[in-house]
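To start, I am sharing the structure in question, which I have written as structure tokens.
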Amino acid sequence: MVFSKYKDFVEDGDLVVAWIGRNKLLPLKIEDGQTFHNQYGAFPHSEMIGKRYGQQISSSAKQGFIYLLQPTPELWTLALPHRTQIVYTPDISIIFEKLRIVHGTRVIEAGTGSASMSHALSRTVGPSGKLYSYEYHASRYETALQEFRDHNMLDEINGNTHLTHRDVCKDGFETEGLPLKVDAIFLDLPAPWEAIPHLIKHVNRNGTTRVCCFSPCMEQIQRSASALQVSGWCDIEMLEVSYKQWTARKSRVIRVDDSIDRLKEVKRHRTEGFERRKERQRLEKEFAESAENGEELNDSQVSTPSEPPSKSPTSTEKIHKRIREGDEEYEWSNVARVDSNLKNHTSYLLFAVHLPSQLDNESESTE
Amino acid sequence: MVFSKYKDFVEDGDLVVAWIGRNKLLPLKIEDGQTFHNQYGAFPHSEMIGKRYGQQISSSAKQGFIYLLQPTPELWTLALPHRTQIVYTPDISIIFEKLRIVHGTRVIEAGTGSASMSHALSRTVGPSGKLYSYEYHASRYETALQEFRDHNMLDEINGNTHLTHRDVCKDGFETEGLPLKVDAIFLDLPAPWEAIPHLIKHVNRNGTTRVCCFSPCMEQIQRSASALQVSGWCDIEMLEVSYKQWTARKSRVIRVDDSIDRLKEVKRHRTEGFERRKERQRLEKEFAESAENGEELNDSQVSTPSEPPSKSPTSTEKIHKRIREGDEEYEWSNVARVDSNLKNHTSYLLFAVHLPSQLDNESESTE
Amino acid sequence: MLESSPIIQENSPVFIKLPSENIRFVTLKPNNTISLGKFGSFCTDDLFGKTYDETFEIYEPKKIRVLKTREVQSLEEENKTNKELMDCRSNQLMSQDEIEELRKQIKEGGLRGEEAIRQLTSKSLTFDQKTQYAQAKYVNRKGEKYLQQFRALRPCLETVTEYMLDHDQYKIMELTADCSTYMMTLGNAQPGGRYLVVDETGCLFLGSLLERLGGDCKVTLVHPNEQPNSSCLELWGKEYTEESLVEKGILRTLNWLQVIGPEEALKDMHVDDCTEEELNEMKLRHKKRYESRKASYARLQSSLEDFEKGNFDALFVLSNHTPMSVLNLLLPKIGSSRPVLVYSPYQQVLVDTHHELFKWSNPCEVTETNNEDITNDESSEKHELQDTQNAWVEKLIMLDIHEIRTRPYQVLPERTHPFMSIRGDMGYVLSGLKVLSSVCTVAAGRFPKRQKQGAGNKKKANTRV
Amino acid sequence: MLESSPIIQENSPVFIKLPSENIRFVTLKPNNTISLGKFGSFCTDDLFGKTYDETFEIYEPKKIRVLKTREVQSLEEENKTNKELMDCRSNQLMSQDEIEELRKQIKEGGLRGEEAIRQLTSKSLTFDQKTQYAQAKYVNRKGEKYLQQFRALRPCLETVTEYMLDHDQYKIMELTADCSTYMMTLGNAQPGGRYLVVDETGCLFLGSLLERLGGDCKVTLVHPNEQPNSSCLELWGKEYTEESLVEKGILRTLNWLQVIGPEEALKDMHVDDCTEEELNEMKLRHKKRYESRKASYARLQSSLEDFEKGNFDALFVLSNHTPMSVLNLLLPKIGSSRPVLVYSPYQQVLVDTHHELFKWSNPCEVTETNNEDITNDESSEKHELQDTQNAWVEKLIMLDIHEIRTRPYQVLPERTHPFMSIRGDMGYVLSGLKVLSSVCTVAAGRFPKRQKQGAGNKKKANTRV
């Protein structure tokens, strides 16, 4: 699987995730002869081949650079082409915790969507696990199929992922007549309650099966919760993932004393200005008097006092110049900022558990 | 009003909020002759009279102290006897922002409950504003009435608050046949939608009226939102107040080098111990041999090497002693902690606006 | 007192909210035409006498009428239903919020917007998204084109703050309305109060405080420049400008130099008295100047006297200066049992301040009255004072750092959820309460075992409370 | 590889969850009686062969049976309905959460509990609250008395972490399961990986990592003491103990002294070889000791060799030591394009670390392969190496501090709302990705105008990325 093992060097045909700038990642299929362009110049693929993963590549004109990163499901989530609203890494990681996604877990996922969840699932369940992914939408199915094939994830080519084109709400999850049993189920559907009745065929007979419904609206959650309870699921839990990302920044330390010094400086300027004004008035008066007396004064003499007063390098002007964050001439304190645009909500996460003892209930009720 | 103006000295008959300990406040009615007791001793009221507000008072036995604080609605909220779930200051402050509670605002509040909101409203709308508070529950009404009287809030004794014993859902808000019009309405009721139809009689004819429904459950909000829309309210907004309280703490700075030094120390001890063990073995052997030869060695000589090895004052033992947070012998960094028990939810806040133009709609529809 | 009417009048300040959600501020001069660009234009006179907050439709060039609530609602519903159409496929399609976000980025222009378009229109995009995007764009354009309407909002904490956050968030230290209202509430702001304020948010906070108190208060504003920056005040109308507030006796201003050196500041401002005779001989211009300088001096003198008297009802600090450098100078001026509030955009700044405030103490004298003493026993009172004067310090208790945010929801039938994205940066508030403490206190609520009250004379009483 | 069965077997580890919500940990030795105090007792043998996570009822002394899901549900519902009875009067009465909180405080004992009772029973309390409180108490007692049942939970990230947070939160650095799972996910933890871990949470994180990877990985654990503190590992069962993991080749351990002085560490551990003859003459006890010391030496040698080789797939740091002091020693050992994760209970600690990591760089040599070079052109490869060896540094990009929490809800018909109170303290995660960078980089994605690649040789390339 492309995504599963680390390697050291970039080879022809590799998929890399190119780091273009902060929060800007782009998938790049390395093909000798091709060239990647951005606003800083051209990056021929031929120069990428043989480089180390993680290495910086400069453009031909040496005006810009990119980093060649080896794809992981998390980098892919930041770089992938959006076909639908995607499931982001914070939600994925909490779902893994609650659904107990580990090495060897067998999972159903519907629908595939932009496949950010699929990549993470396939990676984590590993070669001894299995992912059954279902997509209703024809063109999204085709795109995902190609993507899974390119990423060597498909079970037909030694991967662990099985992709089915299916409306699971209508037709359920049965595949090729196999007695499909899974440990975990992830439903990212507009109406999960329509798919829930089909799940009972696929729960473990000898162990716990867990389900997660991922829905943006409260009302969807309420309907799914009822459907789960009716189907005999227990431990119904609902939660939201609250996630924030911070960046370290520096905030300028200015003390009141600094401002007092500046005020004193301003006052001194004004006083000097005032005295200069008085001096000028005196000179003007003298000039007028001397003019009356037929004398003349050199203009330059009059203008002399208007030269800028003496100044210390740490005074007024500095305040108004644009100061670079962290400039070592100044004192700074370490602070943190969140992004100005905060993700406030993705979806509600509804979890439930199915236990083998429930199956006894069912057989009883059929008796 | 007791709560509205600051004064400097504690007088007989005053209500004070006694600070007993972190997050422990208690209302105290000062009555000469009375005594307050806690686990640190007795605090006679007579010693409180004449003291400055904010001053520390020690117990008669000088073993403990309290601070005498002048009540504010916010301190009262922390000290008041709970008759119902109360509205806390963060929610109150956001409700004030959204309902535009300012000097002079006329407000309806139902129900009164523990009256934390009533005190804040009465304070902020001030002498030129007016608070109409309604309580359904008979004994809660009586208690609140007494409290408002004690706190000089009642309009009948120069205050700005009018308290009515009423089931507003059934009987509406009309009081003594007055044409009651208000700028803001706060509904803290189990079924606000039952009270909403009565509100239309009390909205301003020449200005905006704003309403807030305060409900813990999502379903209550959904029903109230529909009721408001049906009654012609617009700008329906819903929000939750997210509030956290942090305390500054110090976290110990330990570097890997410190641990390496400790490991070296341990190693040195062990090596010394090893050499001592070898020395002892040698001595034991000599002893055995000398015993064979009829000699005897002093026990004390044998035991000498088992004395503790030399040690530096900054080594092993220090690590295991309990270190006081902020101890100046050590390096610390400033950090922040939230309370271990975090308020995750109080209620949902639903807001809506009523405009005079809506009244035109109504007169039209009656035509 | 500051007047406030729910009716729009001549020279009223008003915030015009456009269908694009943009807000503009105007002062309504009589017989003036206000152009709203593509949304049309209207004559100010037509707004006079109307109530604030209503929605107005420009139904003919320069003709406006009030839209009745039901009309607004049905228009809004149509708009919402359109949005919902796209939203209800929910997580199986690009969300409304994502589209909104893209659209916002595009509007802002520049690289990020281009990137967003590139992302949307790249070959990897399937046909139905293109359709959806086109649809969203269409709805939006339609709204902007056909909804020739606006709301005339009244200035208030929420609206003014929203306007400033949109237009210049750094000028106001990113102060949210949520933080302002919380500070005022915790600060027990009430009509008739006397407050000490350091406000470097362009006086956005001060304006909110005056709005809440209806101007029924006395505020001393301490500022770091020759003149305070109070540019946000005018957003509440001309009654709120610094000049008007000073004239009404609501506001006094002092800069830091005046605070630390009151005598010198007065000396600098001093104007020699003129004799009646000299005054009579003066030119009108000079006389006016003389009088204004005399008035400035008198104002400064009275401001300084009032400041020196101290005993303020609360201290509000919203400053770019390190909080402790401000607090060291101003805490002694606050009355006992009164709150202190400090705002910062950064939690870390307040954590450091919190640690320093744990340790802060200021030796003080405590005068106590006693029912008998007050009237007739001055000597015994003096005796008691003598007894305790070295044993008391001012301190702060109940120190806490608060984070307060609101989390808005979409409330639509079958579509209830929190908004997908909101503004991220929001500040923090540090609060404390001033008390008078015996210097030998070491533990909350309890004296140290061997140090009874009055026994010690330590400067640092590091009680954590 | 570590086995994991959904079926409870002899010597299985199991977490017993009682109706009181308390959790206990037991290893199920055969034919043993486990007493659950007032909830009864059971024989371990009766659990063998059952599936984990089921609810068991003690229906007769020492007799257990599996409760079918529907039975559990109806019991739970009854309980919930009782609670709801009190909750539905909602904000007009003391809430369920408040009562729960009071009850919790009372249970904890001590002053706060007494205070709570005092508050509840004081004369200010009206009659109906007393009733309500009594009611809540009754329901609770009934539940504890009559529900003689328990759940047998399987060890997993969530359960083990919950258990540890309840029992000794400081020992595990207050690490939540949410932070652990997020670190593993961002760290791209996957079967077959090779990880460098500093874990001072009693190896709670390490256990979670091994659980997720099913033991299909190689982990080097760096620790600050002579022996690592790995007391949490046994909570996943005896296969997870340090000894067993080392034996299986899954775990290697090194202390800091061994990391900084590998030669000396080996020298200290060195054992002189014995001849065949000497061995034959040795007592069995001595021989065993000799062999074990030989094995220890070999293990250390191999651990150090593996460590020196570097190129680990990720670095996870959960340490009480200042993160930068750890990172300076370990970052060079991580492979390029691989993630670095640092946990701290405090955001401030990670903010400082973040700033230092902005500046962190480590000069390195970059070997590049080239499709032709790999096989036959060693000299030209060497030449290229020569060209660039002073021009490259290791750096970290994509540095971010993450806060991740879950917000649980009550989902009952007509009573949906977030839980009123939750655990407050939860840590933070710093993440970064290691790259190889030309030393003259100064701006994101762009070279400085006059410093083309290779032109400069500056040590500090302060690019923010």
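Labels A, B, C and D are assigned to the chains in the order they are written; within every chain, residues are numbered from 1.
Keep in mind that, in the parts below, a contact is a pair of C-beta atoms (placed from the backbone, for glycine too) under 8 Å apart; a residue touches a chain by one contact, two chains touch by 3 or more.
All of these numbers come straight from a predicted model, not from anything done at the bench.
With B-C and B-D as the two chain pairs, more C-beta contacts join B-C.
Centres computed as Cα averages put subunit B at a distance of 24 Å from subunit C.
Centre-to-centre, using mean CA coordinates, subunit C is 44 Å away from subunit D. In this assembly, the C-alpha centroid of subunit B lies 33 Å from the C-alpha centroid of subunit D.
Between the CA-based centres of subunit A and subunit B the separation comes to 35 Å, rounded to the whole angstrom.
Multi-chain contact residues of subunit C (touching two or more other chains) are listed as 347-348, 351-352, 407-408, 416, 418. In subunit B, the residues touching two or more other chains are 24, 218, 244, 334-336, 348. According to the touch criterion at the top of this document, the contacting chain pairs are A-C, A-D, B-C, B-D, C-D. Touching subunit B in their complex are the following residues of subunit C: 4, 6-7, 51-55, 66-70, 72-73, 76, 154, 156-158, 177-178, 180-182, 184-186, 188-193, 211-216, 311, 313, 335-339, 347-348, 350-352, 354-355, 358, 366-371, 373-374, 397-409, 411, 413, 416, 418, 428, 433-438, 441, 444-447, 452-453, 464-465. The part of subunit A that touches subunit D in the complex is made up of residues 4-6, 8-9, 11-12, 19-22, 24, 38, 40, 49-56, 58, 62-70, 72-74, 89-90, 92-94, 96-98, 100-104, 120, 123-124, 126-128, 204, 206-208, 218, 221-222, 225-226, 229, 232, 234, 236-248, 250, 334-336, 348, 350, 353, 355-358, 360-361. On the subunit C side of its complex with subunit D, the touching residues are 347-348, 351.
In the complex of the two chains, the subunit B residues touching subunit D come out as 24, 39, 81-85, 111, 113, 136-137, 139-140, 143, 188-190, 214-220, 244, 251-260, 262-264, 266-267, 333-348.
By the touch criterion given at the top, residues 88-95, 98, 101, 111, 115, 119, 122, 124-129, 224-226, 255-257, 260, 268, 320-322, 325-326, 329, 345-349, 352, 407-408, 414-425 of subunit D touch subunit B in their complex.
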